[in-house]
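Next come the structures, one after another.
In the two complexes below, subunit A is the common chain; its partner is subunit B in one and subunit C in the other.
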Partner chain A sequence: MNLRQILSNSLNVLMMLFGVFMSYKAWGLYTNCESPLVVVLSESMEPAFARGDILFLSNPKKPIDIGEICVFKIPGRDIPIVHRVIDRHDSSKADSQFLLTKGDNNNVDDRGLYQELYTNRGKMWIEPKDIVGRVQGFLPYVGMFTIFMTDYPMLKYALLGAVGLLVFLYE
Partner chain B sequence: MTTEGKDRAIKVDKSNMLELKNACDEALKEYLESTAGYRQSHRHTDIKLLIGYLGCAAAGAGSYYGYYHPFELSETKFWTFVSVVIYFLCNALMTLYAYFIEKETVFTGSKTTANGTQTITVGSSVKHYNPYYDLDIRMDFSGARAGSGSSSVTKTKKWTHQQFSTAFRFWFDEDGVLAQDQFEADIVKFLANTEATHLE
Partner chain C sequence: MNNLQNRANAVLAFSLSAIFCLLGAIALSALLIPTHPTGSVALDSIKVVTGRYDKNWVDYGTRDNQFANTVMRVDADLSSLFHWNTKQLFVYAVAEYSTPTHPKNQIVLWDTIIKRKSAAVIKKKNIKNKYTLIDLNKKWTNVQANVSLHWNVVPYVGFMTYGHSQLSEDYAFPLPSGVQT
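Showing the complex of A and B:
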């Protein structure tokens, strides 16, 4: 295998990977949402969404309405949460809303979650800037694949390695 | 999967048209480079590599930028958009190049002969459900040296173009092994035929 062949085969692999990644980015630009695809991790939205469902998100310009299901991140915490908006107050300042969320399957609203961190003491509402995206559609079960990958990281590396090797050798 | 090697026989799955074609292509390239003495021109591959890596570089740079800058800023969105566009543009360019310019070429090369430089462009194709290897040989001649004091005038064309179609069954045996000598003999015939048409 000379240099040209190695470069060619590597390019094929790279183009494939970047093809997927750039398509994802393009989708994110179209939906105005950083992460247009998320997996449901908890049962707090049952019976609507179960663990392992894939959600399609977007961020339209119109203000959020009550009843919309949002994926949001509480400032200071990494994990996104999928819950429904149950109350809202629109501020007189442009582009500002105060939202209260609650999981369909939970007994209490999310104020306890908002205030979990010391820095968030007294936080009673979240704002549109905390919202990652609003749910527009979903695909059931398919996300279990991602959950397996996260729970068993060895699977992830094994799969990646196998795919990369196969593609490189069979070109 | 073909097992290749100068000393080992090439064996393919004889019911797989793609493998048959690829085996012939590889043997053809091998012959043209070594025995026929052509120097292969890698222009098509190099151009595609250039365009491809350019696209990947743009994609990589865009990904890097997007990772370290928050998405909400309009600048991040702008540069992400730029990198996505450049990537898909390069992807499209590569495909268009292969479709319109490279087409079915498997080998292009040149060699210097007594009469100047001879450039050869060989394309191969197979039609669906038709077990024939369609060869398209084009030879370009340049820099012909005028013979000194030769009285007879031989009209030579600047280029010539011939097509040959051979059934795979003439070259592959029952086990799918390529008969090198049979194949090479036929290629020699085709090349000679094409060269001959040049001198008409």
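Showing the complex of A and C:
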């Protein structure tokens, strides 16, 4: 194993990583969505979506329809929420909608969540600017991989170590 | 060349691409399978009451909000939507109306989750609205609403698809006829 081989291997690994990153970003441009893939973390949309399922998002131009499942972010809250739109009020201005959401597996709508931070007190609706993406597709289980990685960081380091080892040992 | 590492790598890569091709084919097949769902919703009564909404501490706390209470009947045969890539149906009845300030309003009145083909024929009467029927302006003056049955097919893998029945006739909201506390 000489230096030339190590450099060539590192180049291959980097090519692969950047390739994946670039396709992800290109896909984000195509779908008009900052994060076109999300992993479900909670049980609030059971039995449709379970923890560890992957959702494919996009942001089409047309207004959000009733019953659509949206991923939204409340200012000040880190984790985005995946819930279904159960009320929709479109004002005459374009892109101006007032939406109320609810998780299929929850007993109450999300107004309590909207209030959670004092800055949002009295917030009755979310609007298109709060929406990260709209669910278009579904792939079960595969997201468990990333959940394991965040739950057990050692796994992440082991994987990184294996890739590093590959750079030095692969011929 | 043909060491253990290379063989394992080839097997893994091939099985992964085979699995994803199969999943893609299944996802696409769901779009091609013909379906013929039918459904309808009708309102048997609408009553408007004024009051506040005490179940939920944040909203509609004053006493002058106008809530509508409806009784509806749902009639649907959605069994053709169950094919090999259908995990569940989310079925919901929607009221749609327009007001001078907001041209398009849709509110879910009732919903249900169907997980089996045998349960996909719905014939139900005397359904009360499960969710609050209140407008953004909190008043129901000169509003005509129609109702329709919508469904969302959640697949085992693939695309989320939506559909809905024809819109019903228009129903007029009456004047408030009672007080709700």
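Following the convention adopted for this analysis, the second predicted complex is superposed on the first by the 161 of 171 C-alpha atoms of A that agree within 3 Å, B and C clash if a C-alpha of one lies under 4 Å from a C-alpha of the other, contacts with A are read in each partner's own complex, and residues count from 1 in each chain.
Convention: a residue touches a chain if its C-beta (ideal position, glycine included) is under 8 Å from a C-beta of that chain, and two chains touch if they have at least 3 such contacts.
Because the structure is predicted, anything quoted here is derived from the model rather than measured.
Using the contact criterion defined above for the overlaid structures, shared-chain residue A:V108 touches subunit C, although it does not reach subunit B. Considering which of subunit B and subunit C touches more of subunit A, the answer is C. Of the two partner chains placed by superposition, A:L155 touches none, neither subunit B nor subunit C. Of the two partner chains, subunit B is the only one that A:M22 touches; subunit C does not reach it. Applying the stated contact rule after C-alpha superposition, one finds that A:L14 touches subunit B and leaves subunit C untouched.
Touch criterion met: A:D87 reaches subunit C, while subunit B stays clear of it. According to the touch criterion, the shared surface of subunit A, contacted by subunit B in one complex and subunit C in the other, consists of residues 170.
Taken in their complex, subunit A has these residues touching subunit C: 47-48, 63, 65-69, 84, 86-92, 98, 104, 108-109, 111-112, 115, 122, 124, 135-140, 170. Contact residues of subunit B toward subunit A in the complex are 1, 42, 45-46, 49, 52-53, 55-56, 59-60, 62-63, 66, 71-72, 77, 80-81, 83-84, 87-88, 91.
Within the complex formed with subunit B, the residues of subunit A that make contact are 4, 7-8, 11, 14-15, 18-19, 21-22, 25-26, 28-29, 34, 129, 170. Interface residues of subunit C, counted against subunit A in their complex, comprise 5, 23, 27, 56, 58-59, 87-88, 90, 92, 94, 101-108, 111, 113, 115, 131, 135-136, 150, 152, 154-160, 162.
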